[in-house]
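Same chain, two partners: chain A is paired with chain B first, then with chain C.
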Partner chain A sequence: MSGIALAKEQSVKRRKTKVDVPKLIGFIILLAVTVAMIMPLWFMISTSLKTTKEMFVYPPSFIPKYFAWENFKELFTNSEIKFGRQYMNSLIVGIATVIGTVFSSSFVAFGFARYRARGSNFFFILVLSTLMLPYPAIMIPQFLLFTKLGLHDSLLPLILPSFFASAYMIFLLKQFFSTLPNELYDAGRIDGCKEIRLYWTLTLPLSGPVLATVAIFSFLWSWNDLLTPVLYLDSQENFTLPIGMAAMLSSKFRIAPWNLMMAASLLSVLPVVALFAIAQKRFVEGIVLTGIK
Partner chain B sequence: MSKKAGKLAIGFTLVFGLVATACSSEGSSKEGDQVTITHYTIDSPDRTFVEKLIPDFESKHPNIKIKVTKAPYEQFDSKLQSSIAAKNSPDVTSHWGYGGFMEYYNKGMLMDMTPYLNGLTGADYNIPEDVMNIYKVDGKTYGIPLNSYVTVMLYNKDLFDKVNLPYPPTDYEDKSWTFDKMVENAKKLTVDSKNLSEAQYGVDFGFGERDQRPQYFGADVYSEDTWTNGGKPSEINLTKPNVIEAYKKIYGLIWDQKISPTPAFSKSVSGQFGDPFLSGKIAMSVVGSWSLAASSDFNFKVGVAAVPQGPNEKVRSVLYVDPLFILKDSKHPKEALEWIKYLLTTEVQEKSIELSGGNPPVNQKAAEKYYSNFEGIDPEQIKQVFEGAYKYGFESYNHLISNYSQINDLFINELAVVENGDKKVEEVLPNIEEKLKKLLERVNK
Partner chain C sequence: MKRSREERRESRNFYFFISPWLIGFVVFALFPVLASLYYSFTEFDIIHAPRFIGLDNYTELFKDDQFWNSIKVTLKYTFISVPLTLFLSLIFAMLINQKIPFRGLFRTAMYFPSMISGVSMALLWFWVFNPQAGLFNYILSFFGVDTINWFLDEKYAMWALIIMSFWGLGGGMLIFLAGLQGVPAHLLEAARLDGAGRLRTFWNVTFPLISPVFLFQLIIGLIESFQVFTQAYTITQGGPNYSTWFYVYNIYINAFKNFRYGYASAMAWILLIAVTIITFIIMKLSNRYVYYEGGSER
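The block that comes next holds the complex of A and B.
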C-alpha cells in the first residue's frame, strides 16, 4: 500500500519538476502565431480609436493616447457618409440574397439530384459551364437588361440574380442531395407525398449543414461585392457598405480618414461574425460532410 | 400538405415583399419640358460638394435639373464605360479616373462643344487663354478647365530649424535656388541611420510621373510631335544619352547621394498612409499641390517653396488641369454647358474652395481667395509659388498622351527594380523602350 502511495507521490513530484520540452515549444509556436494573427485586428481596433493627428505618429502607437470614440459617432452622424443607411442596404441585399440563393439553388439542385431525364446530364454540365464565365463577360449585357427593365439605381439588380440560382451552389447542393437514401423518398411517396413536398418537408430539413454553407457563402459574397453595386447604384441613399467604404478612400487629393475607415470595418465585420457564430456548428459539419462524400 | 404549401407561399411573399419595399426609390422624374443633366464624379468630398451647389443653380434655371452620380476613384472608369455602352451615359464629367483627356478623346467619348460656346472665351471666367487651349484639338473645344493643380515644394519647418538652415525661397525668379543647392541642403538635413526611428531624409523628388521627370533635366522621353498629333509619340528617346543622364540624376538621389528615401523606407514609415512626408521624416518634398489641402493635419509646421531651378529653364512644374467635358451621347448639350458655366463663375468657384476643402479654382479671380485658405502659411507665399508654377509649368502627360494609364503602369513596373536598387538605370531603359514601342504599336494601330 505504502509502496504504491510512494510511487504516486514520486510521479507527482516528477511531473512537477520535469518540463515537457516539445509541448513548450509547441505552445510558444502557437502563441507566436496567435499574436501574429491578432496583430492586424488589434491595429484595426487601435486605429479606429485614434485621432487624425495620431494616425501619422511614427513609430505608430500601440494603444491610442486618447480614445477617440467620436470616430464611431461620426460614422452615423456625418451626413456625407450615411453609414447607417448603407449598412441597412447591405443587410437587406445580403439577407434577400441568402433567401433567394438558398431557395432557388436548392430547388434546381433537387431536380438534378433526384430525377433522371433524357439530357439532364447535358443540362447539368451546361449549368456548370457558366462557372467558367467571368463576371466582366456578362457585366454589360446584364447591365443593359436591368437598365431596360427600369431597375437601374435600385437594389433589385443586386438581389434578383440570386433568385435565378447560382451554378456553384447548385453543384454543392446537388452533391449533397444525391447522398440522401432513395428509401426515404420511396417511403414518402407511399405516404402520399407530392413531389414538391418531398423537397420541402424531406430534403430541406435533412440538409441543414449544406444549406448553412450555402447561406454563409452567399451572404459573404453579397456583403463584400463592390463592382455590381458600383455599376447599378447612382444615388447615395441606395449605396451599399462596400461603395461607402471605398468612397472614404477614393480621393487622390486627400489623406484618407483611416481611423473612420477602421471604425467602419470593425462594424462591418459584426454581421459576418454573428452569422458564423450562429451557423458555426452546422457550417463545420457541412464542410466535413461535403468533403467526405 | 396545403398548410405547408401555404407556408411556402407566405415565405415567398415575404421575400418579394421585402425586396419590393427595399427598392421603391426608383424614379426618373421628367415634368413638361424640364431637362435633367447628369453630373458624374468621384465619390469623395472634394468632388461631391457640387451637390450643395445644385439648389442655387436650379432656382436660377428652373428648366434644368441636375442629378449627381458617383463612383469610388478606383471604379470610376469601369462605371463610366459600362454606362456609355448601355447608352445611359452621363452628360457632364471629367477625366477624374485613371484615363486622361487624350484617352477619352481618342475613344470618341467627347462632344465638340464649339457650336454651343457662342463666343465664350477664357477671359469671361478669368481663365488664362493658354489653359483654355489645352483642351482644344484642331481649333475645336472638347473641355473647359475647372480646377488647376501645380507642383510645389513642401518643407518641414521643424527639421530646417533643427539644423539652423534658412527656409527655401518662394520666388521662382530667385536664380540662386537651384537643383544643386537643394541637394546641398538635403545633405545637411539627412540623417543616415539603419534605425528607422532616427533615419531622416533631405528630399523626396516626386516631380510628375516617372516619364515626365526627365523633362525637368531638359530631356524628353517622347518626340516633339506627341503634343500636336493627338498624343501618339512617333519616337521614344529612352536610350538617348541625355535621358539616361536625367534618370541617373533622379535615382542617384536615392542610391548615390543617399539623400532621398528608398521605396522600402517610404513604405515602412508611411505605411498605409502613402506619403512619407506626413511622417515628418522628410525635409523637402516635391509634390502635387493637392498635398497642401491636408496641411493643417500635419504633426509639424509646414512651409511651401518654389521648385528649384533645374537644367531645363522652362519647365519646373507639372500642371494638372481638371476640365469638364460634355459626353457625346448627351441629349442636352446646351443645358449641360449652362451648368458648366455656372461652376466657372467667380462666385461659385470661390464657394467651391471652401466646400471642397481646398480645390484650387481655375478662375484667377477666385484663386486670390484660395491662396489664403491654408492655416499657418502666408497667402502671399502661396500666391507667389502658384504663379511661378503656372509660368514654368508643363501640362501633365496623362492629360496629353493617348492610353496613358497603360504607359504609366509600364514605367512604374519596369522602374521598380531601379528604385529598389537592384539594377542600374542604363540596364533597364533599353528594355523599357522596347516594351513601350510594342505597347504603342498595339494601342495606336
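The block that comes next holds the complex of A and C.
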C-alpha cells in the first residue's frame, strides 16, 4: 500500500516539475479569449460614464477622465426617452412571465410526470415537437388573434402565452418530478390529500432549485425578447426596454448619444448581473441539466 | 376493453393537469400553424378579408429576388457562424476542462456575455464596431489593419455580425463542458495506456461520447440562426445594400411594413418546412453515425 502511495506521490512530483507545454498554451489562449470577452463590457461601462466630447476621442480612453454620472440621470429625466417607464414595463412583463411560466409549466409537468393515460405519450411527443416550432412561423396568426381581441399596444400579448406552459420548462420539470419517489405520493394520498394538494403542498416545496432554474431562464428570455414587443407595441410609453433602446438608436438625435445608449445598455444588463450573482451555480446547473442557454 | 375506476381517475387527473398546455397548444401553436398555412394561399392585408389565390404567393416568391437574397444571407450567416461557434465552444470547453489555474474565473468570464443577448448586446457591439471611436478598429490598428466601416460596407456587415455571434459562445461552451465532465476517466486512462495521443484519444473516445451533445447543439444552433432578427432590426435594418436582409427580417417587413400577411405567411411556412426537414435529416444521419460507432467498438 505505502509503496504504491509513495510511487504515486513521486509521479505527481515529477509531473509538477515538468512544464506541460500544451497546457501552458491552452492557458494563454484562455486568458486571451477571456480578455477579449470582457473588453466589450469594459468598453460599455467606460463609455456610459463619458461626456459627449470624450465619447468620440480617438484612441478611445479606457477610463473616462471625468465620470459623467449625469448620463444616468439624463436617461431617466429626458422625456423623449421614457427610459424609466420602459424599465418598469420590462420588469412587469418579466415578473409576470416568470409567475405564469413557473406555475403553469410545473402544473402541466406534474401531470406528465405522475399520471398515465391513453395518449399521454403522444401528448408528450407533441410537447417536444413544439420545441422545434419557430416563432416566426406562427407569429402572424398570433398577432392577428391578439389584435382582434383588442390587445394591440398592450403588454398582455407578451405575458398571456406564458400562463399556458412552455415546452422547454415542461420537459425540464417533468424530468425532475419523475425522480420524486412514489411512496411520498402514496403517503400523501393515505393522509387524504387531494391530487391538487399533492402538486401544491408536496411537489412544489420539494422543487425549489429546479423552479429557480425555470424562473431565471424565463425571466431572461422575456427580458431580452425583441421580436414580440416589436409586433405588438406602438407607443413609446408601452415599450419594453429592448424596443425602447432600439428606438433610441434610430431616433433623430443630432449626435448619436452613445454614452446614453451604453448607460441604457448597462442598466438593462443589471438584472441579468444580479440574477447571475445570486444564482450563478443555478445557471450552470440549469445549462448542464437542460442545454438551455 | 373495460377500464377500471382507478384508470379512469388517473386519466382524468392527467388531462386536468395538462389542460393549460393543451389549451395553449391549440390557441398558440396548432391554430396559428394551420391559420398561417391557410393565409399563405390568400391575399390578405388585414383590412379586407383574406382572398384565396391558390399557389400564387409561392410562385411569386420563387420569382422574388429579395426572397432568394434573404435565403442566401441567412445561409451564409448560418454556415459560417454555426460551425465556427460550435468548434470554438468545444475547444474552449476542452481547455477549461483541464486542471489549470483560474478555471472557475475563465468559465464565468466566458459564460457571462452569453447572458447578455438581444438589443443590449446589439447596441454594445454596434458601438464596438463604430468606425470613428470604436474599440474594434482600434485593436485592429495594432495589427496594421486600416479603419473598416463595418456596418456601412456591404463586404463587412455580415462579418461583423458573425464576429458578434462568437460573443455568445459561452453558453454552448458550458454545455460541452458538462458533456466532457461526463466522459468516464477510466476510458481516457485506458486510451493513454494504449499509447494514444491527445488527438487520437479525442477522436476515438471523447468525441463519440459527447456526440449527442454536439448534435443537440448543432440542431439548436441551426434553428436559432435561421431566425436571426434582432441584429437586422436593431443594427443594420437589412443593409447595407441588403447584405444582412435576413429571412425572418424579410418576413417581418413583408407582413408588418408592407401588410402582405398572406405573402409573409407563405415565407413563414417555408421556414417551418425547412426547419422540420433539417432536424429530420440530422437526426437520421446521427442514427447512422451512432450505430456505426457502436458497431466498430467491438
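Simple rule for what comes next: the second predicted complex is superposed on the first by the 232 of 293 C-alpha atoms of A that agree within 3 Å, B and C clash if a C-alpha of one lies under 4 Å from a C-alpha of the other, contacts with A are read in each partner's own complex, and residues count from 1 in each chain.
Note that in this section a contact is a pair of C-beta atoms (placed from the backbone, for glycine too) under 8 Å apart; a residue touches a chain by one contact, two chains touch by 3 or more.
Fair warning: this is a prediction, and the values are worked out from it, not measured in the lab.
J.: On the A-aligned overlay, A:Glu80 touches which partner chain: chain B = first, chain C = second, or both, or neither?
T.: The answer is first: A:Glu80 touches chain B but not chain C.
J.: Under the stated touch criterion, which partner chain does A:Leu206 make contact with: chain B (first), chain C (second), both, or neither?
T.: After superposing on A, A:Leu206 lies clear of both chain B and chain C.
J.: Using the superposition described at the top, determine whether chain B or chain C touches more residues of chain A.
T.: If we count touched residues of chain A for both partners, the winner is C.
J.: If we overlay the two complexes on their shared chain A, which of chain B and chain C does A:Ala137 touch? Say first, second, both or neither.
T.: second
J.: Does chain B (first) or chain C (second) touch A:Trp258, or do both, or does neither?
T.: After superposition on chain A, A:Trp258 lies in contact with both partners, chain B and chain C.
J.: So, does A:Leu180 touch the first partner chain B, the second partner chain C, both, or neither?
T.: In the superposition, A:Leu180 touches no partner, neither chain B nor chain C.
J.: Could you look at A:Pro60 and tell me whether it touches chain B, chain C, both or neither (first, second, both, neither)?
T.: After superposing on A, A:Pro60 lies in contact with both chain B and chain C.
J.: Is A:Ile99 contacted by the first partner chain B, the second partner chain C, both or neither?
T.: In the superposition, A:Ile99 touches chain B alone.
J.: Answer with first, second, both or neither: which of chain B and chain C does A:Leu156 touch in the superposed model?
T.: first
J.: I'd like to know which partner A:Thr52 touches here: chain B for first, chain C for second, both or neither.
T.: First partner only.
J.: Using the superposition described at the top, list the residues of chain A that contact chain B and also contact chain C.
T.: Correct list for chain A: 55-60, 139-140, 143-144, 147, 226-227, 230-231, 243, 246, 249-250, 258.
J.: Which of the residues in chain B end up touching chain A in this complex?
T.: Its residues touching chain A are 1, 4-5, 8, 12, 15, 18-19, 22-23, 25-26, 42-48, 67, 69-75, 78-79, 82, 85-86, 88, 149, 196-197, 269, 271-274, 278-281, 290, 293-294, 297-299, 357, 359.
J.: Across the complex, what residues on chain A touch chain C?
T.: Within the complex, chain A contacts chain C at residues 22-23, 26-27, 29-31, 33-34, 37-41, 43-44, 47, 55-60, 104, 107-108, 110-112, 114-118, 120, 123, 126-127, 130, 132-145, 147, 161, 163-165, 170, 195, 199, 220, 223-227, 230-231, 241-243, 245-246, 249-250, 258, 261-262, 264-265, 268-269, 272, 276, 280, 283-284, 287-288, 291, 293.
J.: Show which residues of chain A lie in contact with chain B when the two form their complex.
T.: Listed in rising order, the residues of chain A that touch chain B are 52-53, 55-60, 80, 89, 92-93, 95-96, 99-100, 103, 139-140, 143-144, 147, 150-156, 159-160, 193-194, 196-197, 200-201, 226-227, 230-231, 234-238, 243, 246-247, 249-256, 258.
J.: Please output the residues of chain C touching chain A within their complex, sorted ascending.
T.: 10-11, 13-18, 20-25, 27-29, 31-33, 35-36, 39, 46, 92, 95-96, 98, 100-101, 105-106, 108-120, 122-128, 130, 132-135, 138, 167-168, 170-172, 174-175, 178, 198, 213, 216-217, 220, 223, 226-227, 229-230, 233-235, 237, 248, 251-252, 255-256, 261, 264-265, 268-269, 271-272, 275-276, 279
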